[in-house]
Amino acid sequence: MNSTLKEIIESLIFISMEPLSLEKIKGVLTDYPDAEIGKAVDELLETYGSNECGIQMVLTGGGYLFTTKPEHDLWIRKLLRNERKNRLSPAALETLSVIAYHQPVTLAEISAVRGVDASHSLKTLLLKRLVKITGRKKAPGKPLIYRTSDKFLTYFGINDIKELPSQEEIMKILDEEEKDIED
Amino acid sequence: MDMSQTYQVNLDNFQGPMDLLLFLIRKKKIDIHDIPISTITYEYLDYLERKDKINLEREAEFLVIAALLIYIKSQMLLPRETMPEEDGDPRQILVNRLLEYQKIKAASTLLREKEGRELQRWNRSVPPPLPKGDDEEIILKEISLFDLAETFFLLMQKKEKENIHIISGKNFSIEEKTEEIIAVLKEKSFLDFVEYFNNQKTIEDALGTFFCLLELIKARIVVALQESLFKPIKVWLRKGSPA
Amino acid sequence: MNSTLKEIIESLIFISMEPLSLEKIKGVLTDYPDAEIGKAVDELLETYGSNECGIQMVLTGGGYLFTTKPEHDLWIRKLLRNERKNRLSPAALETLSVIAYHQPVTLAEISAVRGVDASHSLKTLLLKRLVKITGRKKAPGKPLIYRTSDKFLTYFGINDIKELPSQEEIMKILDEEEKDIED
């Protein structure tokens, strides 16, 4: 059996964003006879169908796909949960940036700048201790005031909030974005 | 860069004055620790003069090193009152810079090899099918001050633009807009609903576009789909549509 | 050897789209002793490092990752209809090398080593997230300081910043180049 062919098919299925049909595989591997491709796919199915392997190859939705075993779901979910705990979402980053540059600031003010209700991402940031509550604003409803924490400074490697990159510094970088295509 | 090819070519082939200097030293088989300053200065200036058009912004950097070479040369010509060991070799600054630059250049060569290999590897851009119930959320891996600042100032820029929306009195043609949408769909197979609207220059344009899309959907020429809640809405051209 | 443990780790690395560190694996598999996890990971690396497999497990950017083999690039691009991935420009690569070997470093320091203004290529590297801003230097003008990012490591297939080409490797290249000129 042609082991290279098997390997190529394996990587095609791995990289494909959707179940990869036999037709598509044949469409890529035009140099190889159809029968050989079919045989290689069958052999792969057998290898990855064995119980020795953590990854499985399945035939679904008209194509081949690598997937995990149902019995490992518990562990996979745990990993995803952990990952979520450790990282920021784009929404949380946006909220954090508004607090960093506009502090001291209230939830209503953050939401106004972002154009969406920021309470969920604010909660995330409080839980991660990147922002802190520093009192109440002397305004109707006495809303809580938020600031970035010391942990925020340590995380980004600065000593003082005054050291945040300025608008001028960032715009100088971003303005070049379009020109950089050929670079 | 292949050295043999750069022999007859101009300054643009060098990454900068250090690159040119290093090239000349190698070409002349000069010991970097004992550079004959007169020779190298002559060679270096000769290269600068070959250029007929002077691009000052770029050449200025070459001229700085030329000035340094001439300065070192003058220092070497001065009679010494003290012993050379005490005074130090005037070439030392240049030698140190050349050695450091040479190291960086060699490291770049090694990194280039690694890059070539790694660029041929492919990772999945979407996760494999996951257990149901865990909706995928984009999470950011490593965040630096740049990301934080970029996020903020882009947000501010967006806000500014929103505040100065001017409804221009331009005449708006529904037919033209419809044709434009179909042309985009034929070229790209689908378009991102939100993105397309954001790219409209005026509110009038955006509203007109929206009406056109509604018409196209009603006429069953296009179809709008959302894979799941909060996912982008995509507009597709229907197969076998009259358009 | 516990084959279930190996399988679980395999599926965790498989679903992760970025290098998965040993710490994160241990953070999920809290029921298993660390030594057993380490052994299982090593065994997996060996299995997937063999030439029999189309998918490879690599240790890069501080973690484990499944990826395709470089020699299958052509076939994968044919499937995905993608062009060859772009290399960094010589200027950007040179700037990146200076940052890698001199970090933490300011723009002025980078430009001094290269003998040219490095701001343009620094922008490219920031936008590609290969370098990051990590604060400001306590010096006149408080310039921003730069370091290589985790993405830098993965980009070059390096596991740790300590694995950058060493002084000896660099010297070897220089000797070879000298020989080339003499020949």
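A, B and C are the chain letters, set down in written order, and residue numbers restart from 1 in every chain.
Assume a residue touches a chain if its C-beta (ideal position, glycine included) is under 8 Å from a C-beta of that chain, and two chains touch if they have at least 3 such contacts.
Keep in mind the model is a prediction, meaning the values are calculated, not measured.
Taking each chain's centre as the mean of its C-alpha atoms, the one that lies farthest from the centre of chain B is A.
Across A-B and B-C, the chain pair carrying more C-beta contacts is B-C. Between chain B and chain C the centroid-to-centroid distance comes to 19 Å (mean Cα coordinates, whole Å). Chain centres here are Cα means. That of chain A falls 23 Å from that of chain B. Multi-chain contact residues, meaning those touching two or more other chains, occur in chain C at positions 14-15, 66, 68-69, 76, 80, 91, 126, 133-135, 144. Of all residues in chain B, those that touch two or more other chains are 122, 124-126, 128, 130, 141, 144-146, 149. Listed in rising order, the residues of chain C touching chain A in the complex are 3, 6-12, 14-16, 20, 24, 27-29, 52-55, 66, 68-69, 72, 75-76, 78-80, 89, 91-92, 119-121, 123-124, 126-127, 133-136, 142, 144-145. On the chain B side of its complex with chain A, the touching residues are 122, 124-126, 128-131, 134, 137-141, 143-156, 159. Only residues 1, 3, 15-19, 26-27, 29, 61, 64-65, 97, 100-112, 114-128, 130, 141-142, 144-146, 149 of chain B touch chain C when the two sit together in their complex. Interface residues of chain A facing chain B in the complex, by the touch rule stated above, are 11, 14-15, 17, 65-68, 70, 73, 76-77, 80, 83-84, 87-90, 93-94, 96-98, 100-101, 113-115, 156-158, 164-165, 167, 169-171, 173-174.
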